[in-house]
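In the two complexes that follow, subunit A is the common piece, with subunit B as its partner first and subunit C second.
Moving on to the complex of A and B:
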């Protein structure tokens, strides 16, 4: 029996729990029986005898779970095999960093959707996992459902990855591709995105390239580049004019916010992308192009955010831990 | 040694042995021929055949070489030292005019081996930011990269947003 504990029970945590329940039969056929032994958020928790459905209902109706014990206590006191860490991203690592460290030290695997801890201490966490003989999985931190991390670590094994270029922020890509279509000013399209719920009320984290830079740091470290957040040269999309799309088009280009890591570069910036290039992708999609020595160019694309998309990436991590070998 | 890439266009009589009169001096002076194109479709009224020869040679020997080819009785139509082979476009956004756009563009020049060959500016409002796409050509990828690097530096100083292409060669 695989015992799973979930900390962080917002959209992502709930989405993962729901998917576990909905796909229970298929999952158990592959990895064996499992049980969610505890769920916790920053101020409450539930453990012992409960169903996933009850927990979700409780959280939605009362905005908290049954018991007072918090995430920290659950991790310290309970016995589990996998910690699913889905708390909110803070670039200094936040509470998530602490939760992950504690779980790894206890000898349990960790699946996280939280960029913060990996951006703050990628190497430290990886070596901690290795020392304790467990896995730290983080597919959901980059590109949502789009397989990037396992692609690099597993399927491009023994390739030298010379560079990765990607569209890692769906909000920026939406804004830029709408500006391209409508030739309207940035502010106007930003408003539209905010009304649609694609951009936050405070869009800074997305439009200044902070989110993309955090993801780039994770990709860089995954392919063996020792990068920190401060090392990323970062330019946002706020200064792009509608005319920029017109003059770029005359030369066969459009503009996208591209995150790039290679021997020469570690940067997030708006770039001219040939109209026929696979990265000239539209809407909230994410995409990444890997340049390798022996496998040539590999391109992946997919939905970079969303409850189910993120949860699907976390499920693939669960598969990898128990059935991946 | 400072090596120059020369593109030489000569007019040859269409009979055997003519091309050799051009190639021999190049070879004697240590030049390395990288390409020969016979422009058979462009015969002159006097029935001479334009031939384009590209070669690399120590730049100090260029004048002497041209003189020696000429004295062998060959008609030289044109020669230029640098053939701009690498090209890229870069987009600039900001107060381009007020920050002296001609000075910005001059910064690209890398010993005459890279230059701005085309520009299109769009300025919707006189006091607002303008947008320009410029095309830079250089004698090779290394020089092109150098030129882009220089432009990046000056744009940083002038607070101009520079949008570079995702060019496979420049990764």
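Moving on to the complex of A and C:
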């Protein structure tokens, strides 16, 4: 019986729990029986005798769970095999960093959707996992269900990855694609995106390239580049004008916010992309182009966000931990 | 010590052997020491005391190896852990089918770049591998280094794959991209492609969609659709005119040879693709779009052929067999 504990029970945590239940038969056929033994958020928790359905209903109706202990107590004291860490991203690591460290030290595997802890201490967490003989999985931190991390770590394991260029923020890509099509000012498209729920009320985190830079740091470290958030050269999309798209178009280009890591570069900035290039992708998609020594250029794209997509990436981590071979 | 035997020592077999040698240090650090214990082609073989370098030199200078036994004798009698099967594709399975069956029955893993055996008997080979507790790996049969098979089998393991649409033949895609750009007749572009070595002297296998259909059968079976080669509805690219591209373009489309599998379709045919769609990709690239229930649409692209790319896909199979978890 695989025992799973979940910390963070917002959209991502609930999405993961729902998917576990919906796919239970298939999951158990592949990796064996599992049980969610505890769920905690910042204000409440549930452990002992409960079902996933109970917990989700409780959270939605009463906006909280029971009071079965604080998250850190549950992590320290309860017996479980995998911690699913789905708390909100804080770039200094936040509580998530503490939760992940505690779980790894106990000898539990960790699956996280939270960029913060990895941005704050990638190397430290990886060596902690290794020393304790457990896995730290983080596919969901970059590009939703787009398979970036497993591509780099597993599929291209014997390749030298010379560089990665990617579109790592769906909100920015939506705004830029719309500006390309409509030739309307940035502010107007941003407002539209906010109305559609594609951009946040405070869009800073997305439009200044902070989110993309955090993901770039995770990709960089994954391919062996020891990068910190402060090392990323970063320019956002706020100053791009409709005229810039017109000029670019005349030459056969469009403009995209490109995150790039290579031996020479570590930056997030608006770049000209040929209209026929795969990175000229439109809408809220995320994409990444890996330049390798022996596998040529490998390109992947997918929806960069979404409750089910993120949960699906976390399930693929669970698969890899238990059915990897 | 992992003992590897190679049958088929043309471009692919030699490319794999070269890459093994070139990446030896990294491979051995990850999966442990290995040795190539035998290499056989249709006319000659080498086993016992030899180096990879010796064998490649011998084959290039004398166009043959030694006479250390026929391929089937080596497979039946020699002690090895992995058979690398890189003989030439014959859609009825050919000798490759026999080699793979013999190796699986002995309890050896198999890595193949040969579509024929899988097209001829996918289910039979997979259950033979399972019964003998070994792996049959075939990433290199579809799309060169583009990670299609591992994406379907591992990464999307807990997803329902509702359908796959792909560009699975680089020669056709090169011809169609050039027709799109130059508006020249099919025959003229085909001649050009033949001069560049992108199309064969007899282009039938590519331009009639036979190669793409074989790969589609492998993808279909991988996602659980029990398809045979004869089941594929197949139309080639020979009748496409430059005018068709002009008409398509006016409506914002181009034309690509699309291989598609879903509950309703199993076909290879020229299709209209929106110019901004990822499958409008140009040149000798291969690409595939997976439609899934919970991970959304996942798109991958890469060079569909090439000695190093194919060898690189086979190395990723070796990684998965021995370092999978």
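As a convention for this text, the second predicted complex is superposed on the first by the 324 of 325 C-alpha atoms of A that agree within 3 Å, B and C clash if a C-alpha of one lies under 4 Å from a C-alpha of the other, contacts with A are read in each partner's own complex, and residues count from 1 in each chain.
Please note the rule applied: contacts are C-beta pairs under 8 Å (C-beta built on N, C-alpha and C of every residue); 3 or more make two chains touch, one makes a residue touch a chain.
This one's a predicted model, so the numbers in the text were calculated from it and none came from an experiment.
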item	value
First (subunit B), second (subunit C), both or neither touched by A:162	first
Subunit A residues touched - subunit C or subunit B, whichever exceeds	C
Which superposed partner A:279 touches (first subunit B, second subunit C, both, neither)	first
Touching partner for A:147 - first (subunit B), second (subunit C), both, neither	second
First (subunit B), second (subunit C), both or neither touched by A:302	second
Subunit A-facing residues of subunit B, complex	89-91, 93-94, 120, 122, 124, 129-133, 135, 161, 163-166, 171
Subunit C to subunit A touching residues, read off their complex	19, 23, 26-27, 30, 144-147, 150-151, 154-159, 276, 278, 280-282, 287, 292, 294-303, 306, 308-309, 311-313, 315-316, 318-321, 323-325
Contact set on subunit A toward subunit B in their complex	162-163, 165, 235, 239-241, 243-244, 246-248, 250-251, 253, 255, 258, 260, 262, 264-265, 269-274, 277, 279, 291
